[in-house]
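Order of writing sets the labels: A, B, C and D. Residues in every chain begin at 1.
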Amino acid sequence: MADTSIPSAGPVDAAIIEDLVAASRILAQHGVLDAWGHVSIRHPKNPERYLLSRARAPALVSAEDIMEFDLNSDPVDQQGRRMFLERYIHGEAYRARPDVNAVVHSHSPTVIPFSVTGQPLKAISHIASFLANGCPCFEIRDVGLTQGLLVTNNKQGAALAKTLGDNPVALMRGHGNLVVAPDIQRAVHRALYTEVNARQLATALSFNRPITYVAPDEASDPKRLIDSWEVWKTQAMKDA
Amino acid sequence: MADTSIPSAGPVDAAIIEDLVAASRILAQHGVLDAWGHVSIRHPKNPERYLLSRARAPALVSAEDIMEFDLNSDPVDQQGRRMFLERYIHGEAYRARPDVNAVVHSHSPTVIPFSVTGQPLKAISHIASFLANGCPCFEIRDVGLTQGLLVTNNKQGAALAKTLGDNPVALMRGHGNLVVAPDIQRAVHRALYTEVNARQLATALSFNRPITYVAPDEASDPKRLIDSWEVWKTQAMKDA
Amino acid sequence: MADTSIPSAGPVDAAIIEDLVAASRILAQHGVLDAWGHVSIRHPKNPERYLLSRARAPALVSAEDIMEFDLNSDPVDQQGRRMFLERYIHGEAYRARPDVNAVVHSHSPTVIPFSVTGQPLKAISHIASFLANGCPCFEIRDVGLTQGLLVTNNKQGAALAKTLGDNPVALMRGHGNLVVAPDIQRAVHRALYTEVNARQLATALSFNRPITYVAPDEASDPKRLIDSWEVWKTQAMKDA
Amino acid sequence: MADTSIPSAGPVDAAIIEDLVAASRILAQHGVLDAWGHVSIRHPKNPERYLLSRARAPALVSAEDIMEFDLNSDPVDQQGRRMFLERYIHGEAYRARPDVNAVVHSHSPTVIPFSVTGQPLKAISHIASFLANGCPCFEIRDVGLTQGLLVTNNKQGAALAKTLGDNPVALMRGHGNLVVAPDIQRAVHRALYTEVNARQLATALSFNRPITYVAPDEASDPKRLIDSWEVWKTQAMKDA
């Protein structure tokens, strides 16, 4: 029972868990998460722990599914639950980025074409201005051949976090992306508008004209209120 | 309490407010407005006032959210409510255009690629024939660097209104658009079909063939009945 | 009361009217008809009459809205109801084509780009094989300048029917299309798959490779059972 | 009563039938199946039999619609039910491929453009890595002219199965595709992500840059758990 040797950081407010559940459902409802992908938050009481659902489709996640992990992505109390194979993405992102309190991993559909072509994914819309500096692309083959391009251990997770660097988003070649933020609302915003901006940029590119990207000095205040949370959560939790 | 020094233009018929609420919800339901964007009308009793929701996602706006503003975009009676940062877009459009009684500001998704490429957005469909003369594009950088490309004061709002000129629609680079009309039904029509026409034109452009745009002398009667209001409102208010 | 001088061809089975109502709602649900557009059938008892809704959005049409017209598109008994301005499209199609018993006029969204570029719209999918010979495009300007590109009299309707010729579909430049068929089920099928085929062909064209169109000798039996009617009608009438 | 001469392989667990029904509805809900297309499974007790709905739109299929066929696609007990004309696709796939226990035939919309251009459809996303070796395209004209491009006899079905070879997916020119898998969950996964990958690849191709496809040695373990079944089935059976 090696798992039980990791002490819990303690109970978490129901409202915080509710927002984590909402985040999964919001991104599923908006088509950013498909039957896979996952959203986590750093434990509010201990930066060495994070909270993530057991392996379950994002649209179905509920409060009872949330588990606690340490930064090695070992569970505090597994209780026999099946875990996401790729939880190491989260653990290593929290380890590498003390400023990050929420992480999304998705198969964001329109991100894939950018990830396999080297076409830079940069902001053309102010709502996506967190992408004003573009986003790096993680080539998992650089850390060795993997079946299914999956990140399934800490070494691969750390390599991805290294590619991410100080950025809010890293593409993952042939796979999707990693999105990080200081809070869950901002993580959802970034995951959603990375997809929207990718769709818009694909259209802009089709015009074969020079594109005016959002300049870094035009980017939104990164601490700006995420006032869209009310509508996203209301609509996503309607049937919950 | 400086706000209270602005006298109200008086109560407004519930049916008029209901149409304003419906306008928000229609444009949200059709994907023209996302979690942001806003619709306003000029006050029916005083051209120096306009009516706009407190800061709230368009899909959630209800009659109780509607506030009254003067053309400086100062509130008549704020009551502590949070206001849209970009309400100046509305105030200055009403000031510059006495013929305008309804204003929409949106992040209309397919408008963005046109706004960052200089690709002219002109009507190819008769339902969008209000765009027969194309639409100007507002470059906010011309009035100084702004964080997030937002229009947050009267000076910027006036510059946008100046770019708009006599047109029904102005694009806003990397941001969205401004749509004006003599009434709320027409404003919704124009906001919706600017988006639809943008999608259709993007497809037409992909064929790499000469395009026959709607000629200015083929444009619809601008006073034509907006007989689509019944279905738009019925469908948008179903869950309200 | 000139209208009352046109004798009615008599009552029509409720099941036939129900299918006409369903046709409107099916095409609205599938995005072929927007807030406008209309579906009609020839009167089962008199080929000189046809049945069409009063002016109302297709998604809202119900049995009570159906009116009877002669082939001049004059109403048998108007009862003060507002009529579609473009009903002449229907009357003249029935006059020119004795084999036609159902007519759709739509703003089918992906048809517009084909209508303004001369890019031929031909079948690449067997479900759209009624388009194996392509479809002609009606240029309304050839019969004189019109405001809004609308077909609002018999002369224009007859010119459109002449462009249609023996084909099942004619595009209308900058406007939409005209779809005709021997029965209502087939008219719905053709209207729907003209749109689907247009979307698929736009994608195929983007590959810049030679395209294998469905050859005329590969076209489906035009009398083939429309076995999709059950599911289309069930889904469209769910909320009715 | 020739039909009754084919003995049944016996009753099938309700849970297995339920998954077959769910498969139809899942693929309809995700837009892979339109009003046509079909999903079958090999009979769990006799490899010479398979189970397929009577001719009915996939979104409406329920347990009572499931019929039993032999590998010639003759029904065990027709009971006057109308059968899919193209059931031979299933019978011949089961005959040619002993490893296959589930078959989907669809008009997957974005597959059509690939099928008529020769543009290779290969995996760019790890979820579609079953397409790492691409998929062959069946030209029905090679086995003689057919009306409607339909596969309506065993000879045509066998020719399609021959084109399929050892692959999980074969395109059918101007028609759709054939998807096979060792179980129903995997067949649904493959049918769905063939469509998703086609959409993503069309976008990637539009960038006019070299594309990094998923390499065959990067493909997912073909026996990997289909853990998406819970969410797909839950959502598809909600209204059933």
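Here, contacts are C-beta pairs under 8 Å (C-beta built on N, C-alpha and C of every residue); 3 or more make two chains touch, one makes a residue touch a chain.
All values derive from a computational prediction rather than experimental measurement.
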Residue-number overlap at the chain B/chain C interface, same or different (half cut): different
Cα-superposition angle relating the copies chain D and chain C, to nearest 5°: 90
Inter-centroid spacing, chain D versus chain A (mean Cα positions, whole Å): 33
Approximate Å spacing (C-alpha centroids) for the pair chain A, chain C: 47
Shared interface positions of chain C, touching two or more other chains: 206
Chain contact topology (line, ring, star, complete or other): ring
Residues of chain D that touch chain C when the two form their complex: 34-36, 55-57, 59-60, 82, 107, 109-110, 112-113, 116-119, 141, 145-150, 173-175, 202, 205-206
Residues on chain A engaged by chain B in the complex (per definition of touch): 123-127, 129, 196, 199-201, 203-204, 206-207, 209-214, 217-221, 224, 227-228, 230-232, 234-235
